[in-house]
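Going in written order, the chains are labelled A, B, C, D and E, and every chain counts its residues from 1.
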Amino acid sequence: METYQIYSLTSAVLFVIGIGGVFISRHFIKKIIATIIMGGGVFLSFVSFADRDALAFADPVPHALVITGIVVAVASAAFALALARRIYQLTEEESFTNDK
Amino acid sequence: MSVLIDILLAILVIYLALQSLLAPRLSQSVFLFFAFGLALALAWVRLGAVDVAITEAAIASGFLGVLFLDALRDFSPRSSEEQKNISTVQNSRSRNSVKSLLLPRLSLVLGLGLFLLIALEAVWNIPDGGGLAADAEKLLPQSGVEHPVTAVLINFRAYDTWLEIGVILLGLLAVFAVGKIQIYRKPIPVVDDILLRQVILFFTPVLFLFGAFLLYFGKTGPGGAFQAAVLWGAIGILLHLGGRPIFLLIPRWLGQLLLTLGLLFFLILGFLFIAGGATLFEYPPAYAGVLILIVETLAAISIAAALTAMFANLNQMKKEESNKIDSTN
Amino acid sequence: MTDLPISPYPALLVGLPILMATLSLFFRTRGEAIVGIIGSLLTAGLALIAFVEVTKMGTVIHILGGWEPPLGILLRMDPLASVFIGMTAVVGVFISLYAWRYFPAQEATNGRLPLFWPLWLFLWAGLNGLFLSNDLFNLFVTLEVIGISAVALAVLSGKSPALSAGLRYLLAAITGSMAYLFGVALIYGSTGTLDLKLLSQVLEPGTTTSFALLVITLGLMIKMAGFPFHFWLPPAHSSAPAPVSALLSALVVKGAFYILLRLWMEVFGVSLTYAAGQLIGLAGAIAVIWGSWQAFMQTRLKLIVAHSSVAQLGYLLMIFPLIILAPGVTADSADWLSPVWTAGIYQVLAHAFAKASFFLSAGIIIMALGHDRIESLRDLVGHMRITALAIGLAGVSLIGLPPSGGFMAKWMLLKGIFLSGQWWWAPVVLTGSLLSAGYIFMLLRLAFAPSREKAPFRPVPKKLEVYALLLALGSFLIVLPADSLVQFLESSEIFGSGIETILEGGINGND
Amino acid sequence: MDIIFIIVSVFLLLNIALGLIRVWRGPTIADRLLTTQLFGTTGMAILLVLTGYLEQLTLLNVAITFNVLAILLVIGLVQVWKKKKGESS
Amino acid sequence: MIKEVITVILLVVGCFFFLAGTLGLLRFPDLFSRLHALTKADNLGLGFIAAGMAVYIASPWVAVKIFFIWLFTLLASSTSSYLIARFQKEQEQTKNRKE
């Protein structure tokens, strides 16, 4: 088993954990964390695919894509956090009232 | 043999991800999430993605970590007694709803399990080769930088990067939209603790220099605008926490300029190239190196300013002001 | 690919709105609005110039940074993209003009919403970028631009229902784009390229490709509120300010649909199966019935319109099963495909115009009444003739009565359904139309009913009503150039030569 | 030599895993923050070891970033939560 | 050869201190003693590992860099342990006052 394979399998697991977490978790913060975990899985798969060639350097394109992706994901997570806090301040709700 | 590290790290990452979602208390979740970020950064290192590791450690763990800590302050119950009440209420509620939720939950979990199996199968079948490494290697000398990741980011796929800088500004605007634009106006008390003040004062230049080093080093090795930006953003956050909110201390127009500088310069440069008969972001080869450095520096400044403003705005989001509409833009 | 004519317009179409959005940040409220409206007009003008250029020169491209794919990114403006960009421009300019009047008039009750203009221009840039993009990862970035700006616009009012709906929307959007990105990762892993054109040549069928198609489709379904994932749409669209609701349902959801259309028709031909098509069609069919029924049950105007969006998007999903024939069935390609995608395009256009007009009218009514409970619509005709006319026209287009664009869409859809031999979709289309006729006529009946007490209608700027009416008329006018539009689109690669490969790929599994 | 590096890395990883127990037990938020300290320091140690193992000196930059992050989190926690107290009083 | 032996010894000693720090974190009864165990032992362990790696890589420039990394860590963790302790003390004080 190659190194990259371990991580690409991990990435699939993370993705599924994240997608499950988004739907199952109730609290806003946990939902947001779940989206970031999902993103972590996706980025891990990108980078693990970059590592499989035994060339002079690893494929730089996925690395660049992942950096872009991480920053984008963080921007949207910050926005989601702002929304969640605002909702809590206005209504004292920590989760969506009707489930899902 | 080295597979052992990878397997252990993989298990750790998965365990942390699961636990941060399953932990009963919010603070446990958040701290397990920090640990998740750090473990993931180690995974990037194992995969040879040093740039990604720095970015992950700095922004996904550091910046988001501070944001989450700040959010935790809102969400954590005010006293232990209240907390007990809430938890008992939740318990009883969950006990009542356990039966009604069992079937959909079970089917959801089963569905996810099936999904996971297909996903694993799909990932396992990825061919062990292919990618753009060879292309990037071939064109690297024409890009104006020596580090392939920076070349891809700022030159080959500059369009994505430019849009991404736009996304950060957009994220800030979105945070403003939620908070009804209250760029904080109230002065924050300066920290009374001498040691803390000194540490902040000491770390400001260190962070600045290290950021500048990473920025410049990005030309030849792992590092670059985003990593530098987060470190510089950390300066802003530290100063804000230490009672020196930057956006209060500088004039309004300067703040706006700092926030938009990277995006605007990048774009106007692109338009100039178009006017000169080339395409958007097509650097003249002779000046590519210099232009990329300028673009990166300005982008780093803008992103740092945006991160600082995001944190400051979230940190200042207060209950009392929530019903008031601040119309001063 | 790279021998096509090169033009600067694609780059300008993305760059200009962002430039104006950034510049508008330097001004205070009034100045920001002025820069914003100038930016909208300029962008719309540019889009029309680019549209004319494409009609003259055919597909134009812009190689960003001079780096050709697979390493670089290429913007491509083909007939399909230019139709979507043109639609965005026309609808966008009317909504901008409406917002220019609407927000100052609303200031007294709602306070200022100063970030509307920069966010809307960012959204516009994101939409243009999405329509032009030819790169899987770049599509993700534009999706995020659209997602964040759309949610930010939806929560502008700052009220707690809007915020709650917005968070739900945002989480759905992030989940959708991450699922999409996972598919992109798998595609990149198995082929080593992100360029759509190259992918269509190198993609091979297999479990990885099928799974990638599955997650990409799921992600985009979440984004366009396809049936099991429609839960975020009604609250988000109905709680936003009127111009924003119009933008969200007329334009934003179309972005995800556009990617889905492109990927299914252009890239994933090799791994499409009959079952996949039927499944997505089923989701669409349920959405049509469920959305129309829910709309029928609502008592608030904006909720009716929002639920009707779910139904109308269901029609869009129903064109996917039609492009894949059942195993063993053969058909003459041009005869059966042409009505299918004409239906798709016309559904997009008609829905964009009609729904924008509907939401703008709803905004006018809220402005006049202070709320949008439908029982107070009594005697609307007597007080606000123009708005009543706009609602009536938009409603006719949504139901699909001749001679509206909606009729064209549904007629072509039925034609495609029968030509492809998948007759079981036909009752869905008819039931959906009947149900939507139900809620539209319910509204109109109220509008014509005499009021019992003295009506509390407040005066509303006339121009607002005119803009809404013009948009509603637009959903009829699009039928006039139907022939030339179809011809124009047929010159595009996606509908022209692409058809045969889909046929073979769809039936035999691989080529 | 490589095997030593691997053993040391694995040992340190297990060390981190052990420290996770504290996140569970708590009881205060400061206790939980201590574990991030632990992760920071141990993570840096792992990075240093990997620097030797992979012979990639740039990993040192990652180590510095870890360090910076740890202090940011601590100052963040202290200041943010102090303000909370100030508000309530 | 000698270089490698020294490296191994330093690494093993470093690991020992890390283990000690973690055990302290787990076993000690209150926050302050845990803080004490963790901060001191871990930084010492890090110092040993840093020294080991500096010996192994055997380049003066890298050694200086590693030394600075260690120095910053010392600074950061001593400050943060102080801050955490003070934070905890203030929290306990306010709690007592309330009671």
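The criterion applied here is as follows: contacts are C-beta pairs under 8 Å (C-beta built on N, C-alpha and C of every residue); 3 or more make two chains touch, one makes a residue touch a chain.
Every value quoted in this text rests on a predicted model; they were computed, and no experiment measured them.
With steps allowed only between chains in touch, the distance from chain A over to chain C comes to 1. Annotation of chain B and chain D: jointly contacted by E, touch as defined at the top.
Relative to chain D, the most remote chain by averaged C-alpha coordinates is C. Comparing the chain pairs B-C and D-E, the larger number of C-beta pairs in contact belongs to B-C.
With chains reduced to the mean position of their C-alpha atoms, the one farthest from chain B is C. Computed from the mean C-alpha positions, the centre of chain C lies at a distance of 57 Å from the centre of chain E. A separation of 12 Å divides the Cα centre of chain A from that of chain B.
Note on chain placement: the centre of chain C and the centre of chain D lie 47 Å apart, centres being C-alpha means.
In chain E, the residues that touch at least two other chains are 72, 79, 83, 86.
For chain C, the set of residues touching two or more other chains reads 71, 137, 141, 144, 148, 151-152, 155, 158, 163, 186, 188-189. Across the assembly, chain A contributes 8, 11, 15, 18-19, 45, 49, 61-62, 65, 68, 72-73, 75-77, 79, 83-84, 86, 90 as residues in contact with two or more other chains. Pairwise, the chains that make contact are A-B, A-C, B-C, B-D, B-E, D-E. Here chain A touches chain B in the complex through residues 1-21, 23-25, 27, 29-30, 33-34, 36-37, 40, 43-45, 47-53, 55-68, 70-79, 81-86, 88-90, 94, 99, going by the rule given at the top.
The touching residues of chain C, counted against chain A in their complex, run 71, 137, 140-141, 144, 147-148, 151-152, 155, 158, 160, 163-164, 166-168, 170-171, 173-175, 178-179, 181-182, 185-186, 188-189, 231.
Of all the residues in chain B, the ones that touch chain D in their complex are 1-2, 4-5, 8-9, 12, 15-16, 19, 23, 25, 27-28, 31-32, 34-35, 38-39, 41-42, 45-46, 48, 50, 53-54, 57-58, 61-62, 65-66, 69-70, 72-73, 76, 78, 191, 196, 199-200, 203, 207, 210, 214, 217, 221-223, 227, 231, 234, 237-238, 241-242, 315, 318.
Partner chain C is touched in their complex by these residues of chain B: 118-119, 121-123, 125-127, 130-132, 135-136, 139, 152, 155-160, 163-164, 166-167, 169-171, 173-174, 176-178, 180-181, 253, 256, 259-260, 263-264, 267-268, 270-271, 274, 278-283, 325, 327, 329. The residues of chain E lying in touch with chain D in their complex are 4, 7-8, 11-12, 14-15, 18-19, 21-22, 25-26, 31, 34-35, 38-39, 42-43, 45-46, 49-50, 53, 56-57, 62, 65-66, 69, 72-73, 76-77, 79-81, 83-84, 86-88, 90-91, 94.
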